[in-house]
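A, B, C and D are the chain letters, set down in written order, and residue numbers restart from 1 in every chain.
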Amino acid sequence: MLIPRAPSPDWEEPAVKKFINDPADVVAEALAGLAAAHPELRVDAAEQYIARADAPRSGKVALVSGGGSGHEPLHGGFVGPGMLDAACPGEIFTSPVPDQILAATKAVDGGAGVVHIVKNYTGDVMNFQLAAEMAADENVAVETVLVDDDVAVEDSTWTAGRRGTGATLLVEKIAGARAEEGGKLAEVAAIGREVNTNSASFAYALTAVTTPAAGRPGFDLPDDEIEAGVGIHGEPGRRREKLRPANDLVAAALDAILEAKPLTASDEVIVLVNGLGGTPLIELYLVYGTLAKLLEARGITIARRLVGNYVTSLDMAGLSITLTKATDEFLRLWDAPVSTPGLRWGA
Amino acid sequence: MLIPRAPSPDWEEPAVKKFINDPADVVAEALAGLAAAHPELRVDAAEQYIARADAPRSGKVALVSGGGSGHEPLHGGFVGPGMLDAACPGEIFTSPVPDQILAATKAVDGGAGVVHIVKNYTGDVMNFQLAAEMAADENVAVETVLVDDDVAVEDSTWTAGRRGTGATLLVEKIAGARAEEGGKLAEVAAIGREVNTNSASFAYALTAVTTPAAGRPGFDLPDDEIEAGVGIHGEPGRRREKLRPANDLVAAALDAILEAKPLTASDEVIVLVNGLGGTPLIELYLVYGTLAKLLEARGITIARRLVGNYVTSLDMAGLSITLTKATDEFLRLWDAPVSTPGLRWGA
Amino acid sequence: MEVDLAIAWLRAAADSVAASAGELTRLDAAIGDGDHGVNMNRGFTAVIAALDAGTFDSVGDVFVKAGTTLISKVGGASGPLYGSAFRALGKALPAGPSVTVPELAAGLRAGLDAVRKLGGAEPGDATLVDAYQPAVDAFKGDDLAAAAEEAARAAEEGARATAGLRARKGRASYLGERSVGHQDPGATSTALIFRALTAITAK
Amino acid sequence: MEVDLAIAWLRAAADSVAASAGELTRLDAAIGDGDHGVNMNRGFTAVIAALDAGTFDSVGDVFVKAGTTLISKVGGASGPLYGSAFRALGKALPAGPSVTVPELAAGLRAGLDAVRKLGGAEPGDATLVDAYQPAVDAFKGDDLAAAAEEAARAAEEGARATAGLRARKGRASYLGERSVGHQDPGATSTALIFRALTAITAK
């Protein structure tokens, strides 16, 4: 038998307990809802991308990101002044296709070139690469910023490399502000890469994610076990662990982050405590409180912070912690106005 | 035997799968995290309230709300210019105590009086009532605005009356703006009550909520059943139903809302599609898209809308729909700047 | 009843609530929001701490202290209700280190009146009134142990009978007919409190 | 192989992928993100629609159309990989309504090269290369049915063998040692595609 038997005999007919109609239509229908809810965005339903209504902005470097759907508000919720010019949502947890990325890239190119912000997953990398090649054929200059901040994955030739997770928000915000103030293509890409280099993330899952297509959790997690180092697509993590108090989990995540990207006393950081979708805000604040104390004990200053559900994994109960070593430039650009459905200040 | 046996023999020792330490410390530790994350707020850990750092504002009517914790960002996340002056978080799903409410009320009173925004639950009503009596003893003028928008509950002498749910956000935003622009105590209370009168909500749960204290879901919901008319404390709803496509559920919720508070073609509404915590944003947008179409078909105009997790029930997978019949005054005040952790625009 | 006995009663009630907290929460989860055990336990733990921290010359003061503490520590529906009941009981008692059984009976009725005034519940609404009211009615005569035993039995019977009622007050009322078949958590904790009195008065 | 047979192959592959979509997704859920069956089914459904909508004079054009469609409809890792494979296959074939078995064999190898170039996977990395490479190696001789049967067997064996490997590419690589024991979904779908060819060539 080519395909081994499923461990559970009733795999085929799950009850998909979600607010959806046909699972195949989720992305398109949600996009229609987004379009109706946000007149300040332009949603191209045929090409499946979301753009600023005022795009293309002549002379401004444009930022395009995208990836599988199911991580909302990332990326569509970050389209707007000060952040992305366009986002390409793929099917749930499936990277967008080159045609879609190309259409978005051309739609927002204001003549100053386009930065692709790509989370480091095999599918995303390949599809954006094909799109960038096609854009080059049409004389659109594209620079790619790869985000790979998830230190749970070994960065070795033995893996597809570190995954792009929470730091994506920081790259999009900071590079977006740089573009908004008139940065050139190379400059915008450079600061995006610098944010990524300065960032490290680590995540925990308490439950597995349920996609509309599968209709049931992607893996079984006993009542007293968690996935440490989980990815944002329900990929199982670095290891299974016993559930521990939040204080212990936060300390271990911080250790993993600092082992990969050491910080020293007097460093300033931007902190993101990010919910993966199913974790209540009250727990995220509790975790932030613990993290703030641990960083203070090490003499590290939290210059800016964000607590909430930003880079999610559908209904997964879990969270990620991202630390970005801050420069003055980062802080200036972080504070710059941003006006998107998912992130808004100063405007 | 006084206490009937638990249906499940192992009720006593659930594994509490949450990012917490001791369940008894959740609210206090989260409050510490909130204080660390938001220097623009003043958190009184001893009295357990959250206030604007610049409170009291002399001559400004102050707004105080509160309720059980577990509904975040409500209420603490709505403290700031243009919305609440203080919030009193109780224990999880337990209304705050009179001392706490009194302390917050006195702390933010700028001499122009204080509006208490109270969701209609027996506990909240009684505790705020005792606090208001105590405040009167100390010569602080208090007006109470009761929010009871949940049309799933019969409004009869046979019940504790309709529950306060999603409309609370609209009351806090609109009354908050009225206070910010200098409205008098009676005026601020009056517009808060008018918003409540013009609002109706209906909610569905796909899963039961798990509180830190209980450690397991509050009720059992079979894989193919949902609770229609659920409350935000995991109270079971109006009835159990079979799971249906989102389009059907939205249509039924709209029917329930319009039956309780009829709207006619050419009416304008503010719409809140609100996640209860465990439902991904992509589903909320899908639902908003469906709702927008249904309202359009009835000739009702959506003047403003909000889609996201605002009035939550910890990790409950579910959503509520709130419709508020809009007046020009409501829209003007809705658009006014607001700057809080959970809601921010124009500032 | 003397000051020491009043304190012993509250202590026994606290122990009983602590031991049954899980079960009270389970009852509340079925028709409410699943916090009644936690609420009561938090409240009575605070009551004991407050009593330990003070000295009392008057029985009434013990109950007023208990009531004030419950109001300021519990929240929810049960905090103001139980808190007002104990405060009213304490205030109704004549000042002094000892009260008679009839005085205690009158005080308990004053507590019941306070609960009914604040919460507006009638007997039959499936609330703690359905345990409290029959307990007060049964708390009679001059023998404390006997009065307590009768009251506890009546409270327990009343609590059990709430399972047959449709809730009309509090959170359970949202369920309408679906509340029938479920025993009210507040009525159950009331019965526990009356039963606690028998444990320290029985000869 | 003629145009009709090429189309029949893709149709058989589409049927097989549709029938096994749930199982492919299940394999992917264990070590990836649980969408491989959905991805492949969406892609091959689109391929059939695209082929139905066109007319083809050349075998190569059929495969180029299939590849282009997969690239523009699938996304994920499998879209560009399978899409590039079919495009490269189609482009490597001489133009015309019929190709020989050796020409097809060379085309399949061109497809493999495209996959390896784009994805960078080596044999043994536990990817679809571990089914594709042995299939291409086994696809020999002048008899299409026999070549297809050998290729399908080799692909199936290769797919099954991925269960013993540690994944080094794609999502499963994040699991490190934990990926061992799980059969690779992409290798499995590759085997299905080669098996589909035998269904229409077997005499």
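Quick note on the criterion: a residue touches a chain if its C-beta (ideal position, glycine included) is under 8 Å from a C-beta of that chain, and two chains touch if they have at least 3 such contacts.
Being a predicted model, the structure only gives us computed values, none of them experimental.
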Query raised in the report: Just curious, how far off is chain D from chain B if you go by their C-alpha centres, in Å?
Result: 53
Query - Between chain B and chain C, centroid-to-centroid distance (C-alpha), Å - result: 30
**Report entry** Interchain centroid distance [CA atoms averaged], chain A/chain B, Å
**Finding:** 29
Query raised in the report: Which chain A residues reach two or more other chains?
Result: 92
Query raised in the report: If each protein chain is taken as a node and each touching pair as an edge, is the resulting graph a line, ring, star, complete or other?
Result: line
Query raised in the report: So which chains end up touching which?
Result: A-B, A-D, B-C
Report summary line: In the complex, the residues of chain A that touch chain B are 14-15, 17-22, 26-27, 29-37, 69-70, 72-73, 77, 92, 204, 206-207, 223-224, 226, 243, 245-247, 249, 277-290, 292, 302, 305, 307, 309, 312, 314-315, 317, 319, 344-345
Report summary line: Per the touch rule, the chain B residues reaching chain C in their complex are 2-4, 6, 11-12, 24, 68, 90-99, 121-123, 126-127, 130, 152-154, 157-160, 163, 211, 213-214, 218-219, 231, 233-236, 238
Requested in this report: Provide the residue numbers of chain C that touch chain B in the complex, in ascending order.
Outcome: 20, 22-27, 29-35, 37-39, 42, 71-81, 118-119, 156, 159-160, 163, 166, 168-171, 173-176, 178, 183, 188, 191-192, 195
